[in-house]
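Per-chain residue numbering starts at 1, and chain names A, B, C, D and E are given in the order in which the chains are listed.
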Amino acid sequence: MDFFAHHILSVVLFTPLVGALILLFVPREQDSVPRLVGNVFGVLGFLVSLPLVHWWHSDWGGFTFEENADWIPSIGARYHLGIDGISLLLVMLTTFLGMIAIFSSWSAIKLRQKEYYILLLLLQVGMIGVFVSLDFFLFYVFWEVMLVPMYFLIGVWGSDRRLYAAIKFFLYTLAGSVVMLLAILALYFYAPAAADGSRTFDVPTLLAAVKDFPDSLRVWLFWGFFFAFAIKVPMFPFHTWLPDAHTEAPTAGSVILAGVLLKMGTYGFIRFSLPLLPTDTVLRARIIHIVIVLSLIGIIYGALVCLMQKDMKRLIAYSSVSHLGFCTLGIFALNPNGLSGSVLQQINHGISTGALFLIVGVLYERRHTRLISEFGGLATPMPNFAAIYLIISLSSLGMPLLNGFIGEFTILQGAFQVSKAWAAWGSLGVVLGAAYLLWLYQRVMFGPVTNPINEKLPDLNAREYATLIPLVILAFWIGIYPKPFFAFIEKPLERIVHQVNPGFYGAEHAKLPPLEMQPAVVETK
Amino acid sequence: MLPIGHYLFLSAALFIIGVIGVITRRNVIVILMSIELILNAVNINLVAFSRLYGDVAGQVFALFIIADAAAEAAVGLGIIIAFFRNRETVLADEMDLLKW
Amino acid sequence: MTPTGTFLSFLWLIPLFPLATAALMLFVGKRVPKAGVSLLCVGSVGLSFVCAAGAVSELLAADSEHRVFQQVLFEWLTPGPMQMTGGHLVPFVADWGFLLDPLSCVMVLVVTGVGFLIHVYSVGYMAHEGGYYRFFGYMNLFMFAMLTLVLANNMLLMFVGWEGVGLCSYLLIGFYFLKKSASDAGKKAFIVNRIGDAGFILGILLTAVTLGTIRFMSNGLPESESASGIFQVLKAAKDSGTLGVITPTLTVIALLLFIGAMGKSAQIPLYVWLPDAMEGPTPVSALIHAATMVTAGVYMVVRMNAVYQLAPAAMDVVAVVGAVTAIFAASMAVVQNDIKKVLAYSTISQLGYMFLALGVGAFAAGIFHLMTHAFFKALLFLGAGSVIHSMSGEQDIRKMGGLWGKIPRTAVTFLIATLAIAGIFPFAGFFSKDEILGRAFDRFFLLWIVGFFTAGLTAFYMFRLLFLTFFGYSRADEHVEKHIHESPPAMTVPLIILAALSIIGGWIGWPGALGGENRFERFLEPVLAGVISETGAVRIAHHAVGKEIFLMVLSLSMAGAGIWLAYEFYRSKRIAPQLVAEKWPKVYELLVHKYYVDEIYDALIVNRVKDLGVLLGVLDANVIDGLGVNGAGWLARFSSKVSMWWDKWVIDGLLNFGAKLTQLFSYPVRLLQTGLFSSYALLILVGLVVLLGYYGHHMQTLLRAVR
Amino acid sequence: MLDKVLFYIFAGLAIASGALMVTRRNAVHSAIFLVTALLATAGIFLQLRAEFLFIVQIILYVGGIMVLFIFVIMLVNLDVALQQIQFARQKWVALIVALALSAQFGLMLWSSEKIPGQGIPVLAAPPASELPANSEAVAQSLFGNYLLAFEIASVLLLVAMIGAVVMAKKEK
Amino acid sequence: MNIPFIDAIRSYLQGDGATILPEMELTLFGLGILLIGFSSKDSVENSGIWKLIFKDFYAKTAFVGTVFSAFTLWKLRGQVAMRGDLVGFHETVVVDGFFLFFAGLFLAATALVILLSVKYLEIEKEEEGEYYALLLFACVGMMLMASGFDLIVMFLGLETMALSFYVLTGFLRRDKRSNEAALKYVLLGAFSSGILAYGFSILYGLSGTTNVRLLSYAFDPSSPLAQAIQLSRQPGPGGEAMRERFASQYPAALHLDPSMLLHQMPLFAAAAFVLVAVGLFFKVAAVPFHQWAPDVYEGAPTPVTTYISVASKTASFALLLRLFLTVFAASHEMWLYVVGGVAIATLTWGNLAALTQTNVKRLLAYSSISHVGFILLGLVSGNNTALIGIGYYLFAYVFMTIGAFAVVIVLRQKGIIGDELEDLNGLYQRSPVSALLLLVFMLSLAGIPPTAGFMGKYFIFLSLIETKHTVLAVFAVLYIVPALYYYFRIIVHAWLKQPGDAPRVLMSNAQAVALGVAVFVTLAAGLYPEPFTRLAHYAFGQ
């Protein structure tokens, strides 16, 4: 138990890996065993992450549950893990969605099951790793590691244009991340070395060192990181990999892709890009302006393009562009409202869009098509499906009492404090969001059943309920009582705002409370 | 001895002639001979410098170059023969199976 | 003494009852027997009504200054500190809290009361429809949202209800989702509403950053001094003399909020969804699109009256929009042939009236009209529903007629409602409408003129409807004719109750000029006090009694004129449409108006002359719908085409540029990688020459330095 | 003086026969001119007082390698080849590049002569009389300083031998 | 016992002989193979136990040779650790960390190639004795390239290696592609050797010595030699003493022009540098001297291709590094842009040309060209990080490239050539393990963590940033993207395409061992790079 408490993050991180390794030795001929093992480890992965929440104290602003061990001493890379409230939420989202995604593949995947589950679990490791790494080197390793399983998930189990989509996804992301690698190296090199001349990749140390950097260097570093994250998010105009990847990926892949992978970009923005913003106000304002304009274009552009889509998954993919535009908008408002809204919206997007992809998956499993025109009037044969789909659509379009609203409103509130015009444009995205999602809903669910094949479609089965209901519950939870979620991120965000936008707190609170490193481990109760 | 420049000029001339032979001739045997000429140019350099410094290292070097030239010629001609057996040609631009 | 009581402390039960049944219906409704559904759903609304009545009575027990009860259940949205315009940081919190004050008392009673009646009615009306449980689930969900809206203690929670009712409206309009027109209408309603909502949201945000709070008031909270409320902040600003600074911002807030109100309450130019919304089942139209939801905008403006009173410019805008909507919609109602469409345009028109009232500062009158309108318009819709029910679903008034004797209860109650809406003394509509017109007269003569003519029009088109539906010969098909029957008691009893309310409902606002004391206005007075007492927007008017009576007589005679005209046209048929056409070709708008209505009625010369109704219809379809809604759709398609193009050619193009470059590049590579020995050797030589050249070039500078 | 004359004769001969070797159509002629060039080079060696190398050049090159060449030329029977074009298509480009290379070499030689510090140190070479006996000196060096090189050369020649055998072996 | 002959040998082995002991052992084993081949062919045919021993006898012998040699290297390492660098044969050869590192790599590569060759030769039906002997002799040449401290030794080592490779390339005499590749290789190789030799001759002419240490002094104006020469020109006892020292140790110095030493790279020296560089660039296959590589890689028997791409390249880099880090070290700024330009050209050409290849060997050839670009970039920055990076990169390169080619070799079955992309189709179904291994190698070649290839690139990029060559760094880093694309073309064929009617892939034990070693190192060096960075540190004496 003690060991568990001391290495909780490692346990969370490597539980899926253990699953993958066990799967390696499962004989290929056994069809149901890989599926079982995969699911067990999906659930296990989620269960072992629960203590994180249990042990959490809402007044913790710094990193906690730290683990710090030598890895490559000669270059100063360490195995340094730790999370704060922001990463905690994202880790939980990852383990949770991972579990759902694995479960959702129960009957959808018939081909090469063993490999499929191995890859999903490996992907899980990569994603958790990105969120818990406190060492740039480790972070980068996980960042890249994650691409490979995703590539295969799309490439092997995807639909028709899977090869194109998979490689496009890989290349796009790689292009961004190699530039980020340079930025990381530059950060590593320009940060002052320790007394004995050794350098470090330690995230807190390096980010603290940034404050002594000249602005010109900061600008370069900022853009270096920016491209990686902007492609991952994806921000306009770096988004074109997303529709292809989302569309071609199998359901679980899409869920993970939309639910978690995109969040790495926004997470990176919050964690790494913001501290790199230059101190010079003019320069800073210019950079922020560029990013915000791209976000706003993304919001509206994504929504408009949605209106024209014929393929359900593609539509949802473009809606991600729009929703993630909100996230970046909130981040670069640089105030607590915008940031907390953004973090929450990341979670929300994971839930809503993940669920939307599951819903498309339900239809795809029944009909093997995703063309909107193939459907119509499904509310008649599938009433319960219709209800859940409606709730999820509403959650995605920002209906109050559901999660989306909380995020969008808080983001708009944050943006509004900086510029009224930003918020106004952002709210246009809200309007369009309703338009495309409801139109989609109408075309799929309402009207008479136009296609005779659809008349006999069975309603949701127990397994599909089991994947969708938790998401619906979460959607309501966040929509009705988001306070616990805000509590996780309040203190960490306060620190970040202090660091990157000291003017915000004004003279009264100008001094940042010194960061007390949280106890590495919590006493288990 | 004469000024070193004379020898260098001679060697450079032979080198360039050899190079021209390598890049213009079609017959691989002649190409191989041109390479011998290049090595010969190297030897002139070495021996001239050796004379300049009154140091025999250059001459020893030249000796090894001759040995190397012999070895290359032997292997090269062996390969040419093998090639000729298979392809019935010794023209450089007819060896074009491998490209792009 | 602050109000207390059991019902008050369980105030949250009021919205909870419908929510609980709604959830039950939507999740397991399929398995609940029909009777159970009816019992649960109607019963829950009834319980809400009882609770509401109890709470109101407990509130009324307190003296008038303290009639505020506020209850915060939990902190809902807590995104951390917010920076106000001035740079101050305030902790931003949106409560989940309920507020009961005289204003919400009125609303909650109207909503639960009328809602209950309509639920009862629905039991009869929907008895043979599929998706019974679904219908009631949506209806109860609507009740929940509407009650949240009216009971909310802050703008954001109000927005929750606001969006919730919009959603339910969407669902209920599209209840017959197999019909494309129904689901289209639902979607249209939702999207148009969303446009307004965007304005509302921005208004909320602007309020938040300007005033630092979005709670309406802090009265009734445990620490009402320290807790902030919009009212309190404004008062503090006034006390510190900084009110002038924020006044322009308040105007903007007021206008943004009004955009929201325009969407929800179907004002120009966002009214277009409401006529289409008639695709929904008739009880829905009665509840949502007549009595409650569409009046949410009015309620919201009144709720925010403290802000509006400080923004006279915004008030003027409200008044003008209201007046124009009123007459515009009324004129269109004249030419409609669908019984529900007539009522829909009428609703728009009446909502315009209400906004006219708000705009001229008669907040109480606006709410008063809202209440009476809820009674008689619900009655009208329910009556119409009853007619449709008896006519086996026929909605076209040209195919009706002569129903008076066949469905007497419906007919009589319909007549009462018509009289009420026409503003005939002493029906409810008379009092509220007169109050509005009187205040408009005080404020600006032209507004009164518009309202005055609208009153005439209203009387005209309502009686036209009445005459065509219930009088004359039956024009129905034979097999329909055979099945005409009075509706079951479940439907007629609510009609009768509402009819009673339509008569007596106005009496609580019996004006001073007629010997009453306008108790309604007094009741609302504490809510409408405003920050600056001397603006007087809410003071009870003390006109000269003579003038007031004069105005009443004028409007009554106008209504009478409308009724007479309708009678002449549609009952006695003494005025032939053609005659009018020849006599006054395109002279005066009003006459033209009449002229064309005739033509439509006869359906003979529609194509030859430009009837204003048709014109407006065309305007509606082409200009407003066309530019507004379809235009937006077109814009969306266009921009997404552009976007797709951009995506495909520019962005992917850039990506593929690499590939193109490669192909381009592969040519010289292929050219060089010939597989030919000589070219390889030559390339080596070229490399040698280039590298040597680099140094040769380099040496030039070196040599020059040496010389 | 005699030195000079000898050098010019041998140098001229070497360049001329080199040029002829490159341009002759018949490979056998080319081989003969190569022999001439090599012999002329041997003369230069002699003129530079490298007597041992002079002998090696004649025996090894002219006697050994050239025989090998001619043998191979005969073996592959070039009658047909005589009728064909002897230069690659790119010869003009090649010549231009070669010209550029000559220009650069020229510049290099010129600068090494004219500009101090740019080229070969031009201190006086030790007079011929002071030189030790050539063969002896070479032997000293070869088995002293360069013993290792000598050993490697044996491996090199062994490799060449195996290579030639493997390559030229008839198919079974 | 006091037998003079044995004593002589013993003392030789404790003196100079120690410095070339590994090479000597390899040579002896090579000779042994040849002798057995000539004497005892077909003598033991059908007797049971003998059959077991004599099956693949040559390969076994050669393998044992590499093991012996490696063991000797290990002992030498101990000696070096105790006594410092060993110098022998009048300073024509040194044994230092640099040599030990590279020699270890060569031996590892040789051993792995031997393991990979057995089955391949069986399928090709070639006699094998000479083949293995030549492998060993090539390795001897390479080791001498790394340990040589004298131009002559270096040149001869290079030629030994090159000649072996010419023959090995053409070893499949009946195969037209093999013939052609060998002929192109020998002609171009000899041509480039001529250029290199010409460069060497000028180097000799500039300094009057072939010793690398003295050469490096001669090219460094701040070296003690420059001062000593200045001193020797002075009259007086000090000058006299210096003149005498020169006369005995370095007679040419008496003739050297002191003013030459004042310039870092006079034109003549520049010419020497360019000629040497071109010769070496050819050997490492840098653009535009690379064109032999794709043709030779494609034509040569695949194990030989592996050997060439790995060992020949590494050895040539060892030679190149030895020269650039000693002789030309002082004039780093003078050739910075030359190497940088070649590096960028190499990266560009290698990556872009690889994109459209359909032959795996050819594709890997271009990919190995692009790797040369990365390594040369390390030479551009030239600081400590860069050297570690180069060492690490070469180390990683050896194992991942062997791994990648090994999969191609495994694919070579009876009746299937297996080096076209199409031949890889459905490898995953035919042999999941090799498909998985292929994936690891491709990721490593592309530089995706956590594989060895990434760490190598990491150091190179870091060094570029440290020396502020940001533009080069961005260039280099972006070339990872097209690289990934073509590596993943291989992956696509192996994993995502259907196998058609291609047979299952059978892997011999030797091949399995070789693949296992390669994949182990590739992954271990990526996951836990610490020991491997130490190795690189060791090689470059830091």
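Keep in mind that, in the parts below, contacts are C-beta pairs under 8 Å (C-beta built on N, C-alpha and C of every residue); 3 or more make two chains touch, one makes a residue touch a chain.
Given the structure is predicted, the values throughout are model-derived calculations rather than measurements.
Trainee: What is the set of chains touching both chain A and chain B?
Mentor: C, E
Trainee: Have a look at D-E versus C-E and report the one with more C-beta pairs in contact.
Mentor: When the contacts at C-E and D-E are counted, D-E has more.
Trainee: Which chain is most central here if centres come from C-alpha coordinates alone?
Mentor: Of all chains shown, the one whose C-alpha centroid lies nearest the global centroid is A.
Trainee: How far is the middle of chain B from the middle of chain C, if each middle is the mean of its Cα atoms, in Å?
Mentor: Computed from C-alpha means, the inter-chain centre distance equals 96 Å.
Trainee: Quick check: how many Å separate the C-alpha centres of chain B and chain D?
Mentor: Centre-to-centre distance between chain B and chain D: 6 Å.
Trainee: Using CA atom averages as chain centres, what separation in Å is found between chain C and chain D?
Mentor: That pair's centroid distance is 102 Å.
Trainee: If you average the Cα atoms of chain A and of chain D to get two centres, how far apart are those centres in Å?
Mentor: 71
Trainee: For chain D, what residues touch not just one other chain but two or more?
Mentor: In chain D, the residues touching two or more other chains are 88, 90, 94, 97-98, 101, 104-105, 107, 111-112, 116-118, 120, 122, 145-146, 149, 153, 156, 159-160, 163, 165-167, 171.
Trainee: Which residues belonging to chain C are in contact with no fewer than two other chains?
Mentor: Counting only residues that touch two or more other chains, chain C contributes 669, 673, 675-679, 681-682, 685-686, 688, 692, 696, 699.
Trainee: Which residues of chain B are in contact with two or more other chains?
Mentor: Chain B, residues with two or more chain partners: 4, 8, 15, 18-19, 22-26, 28, 31-32, 48-49, 52-54, 57, 60, 64, 68, 71-72, 75, 78-80, 82, 85, 92-93, 95, 97-99.
Trainee: So which chains actually touch one another? I want all the pairs, not just one.
Mentor: A-C, A-E, B-C, B-D, B-E, C-D, C-E, D-E
Trainee: Any idea which chain A residues touch chain C in the complex?
Mentor: 168, 172, 237-240, 301, 304-308, 335-337, 340-341, 344, 377, 379-380, 383, 387, 390, 394, 399-401, 405-406, 409-410, 412-414, 416-417, 420, 423-424, 427-428, 430-432, 434-435, 438-439, 442, 445-448, 480-483, 486-487, 490, 493-494, 504-506, 508-509
Trainee: Can you list the chain E residues touching chain B in their complex?
Mentor: 151-152, 155-156, 159, 163, 166-167, 170, 173-174, 176-177, 179-184, 186-187, 190-191, 193-195, 197-198, 200-202, 204-205, 208-210, 251-252, 255, 294-295, 298-299
Trainee: Going by the contact rule set out above, which residues of chain E touch chain A in the complex?
Mentor: Those residues of chain E that touch chain A are 439, 443, 448-450, 454, 458, 461-462, 465-466, 470, 473-474, 477-478, 480-481, 484-485, 488, 492, 495-496, 528-530, 533-534, 537.
Trainee: In the complex of these two chains, what residues of chain B are touching chain C?
Mentor: Residues 19, 22-26, 28, 31, 92-93, 95-100.
Trainee: Which of the residues in chain C come into contact with chain A in the complex?
Mentor: 26-27, 30, 74-83, 87-89, 92, 96, 156, 159-160, 162-164, 167, 170-171, 174, 177-180, 183-184, 186-187, 190-191, 194-195, 197-198, 201-202, 205-206, 208-209, 633, 636-637, 639-641, 643-644, 646-647, 650-652, 655
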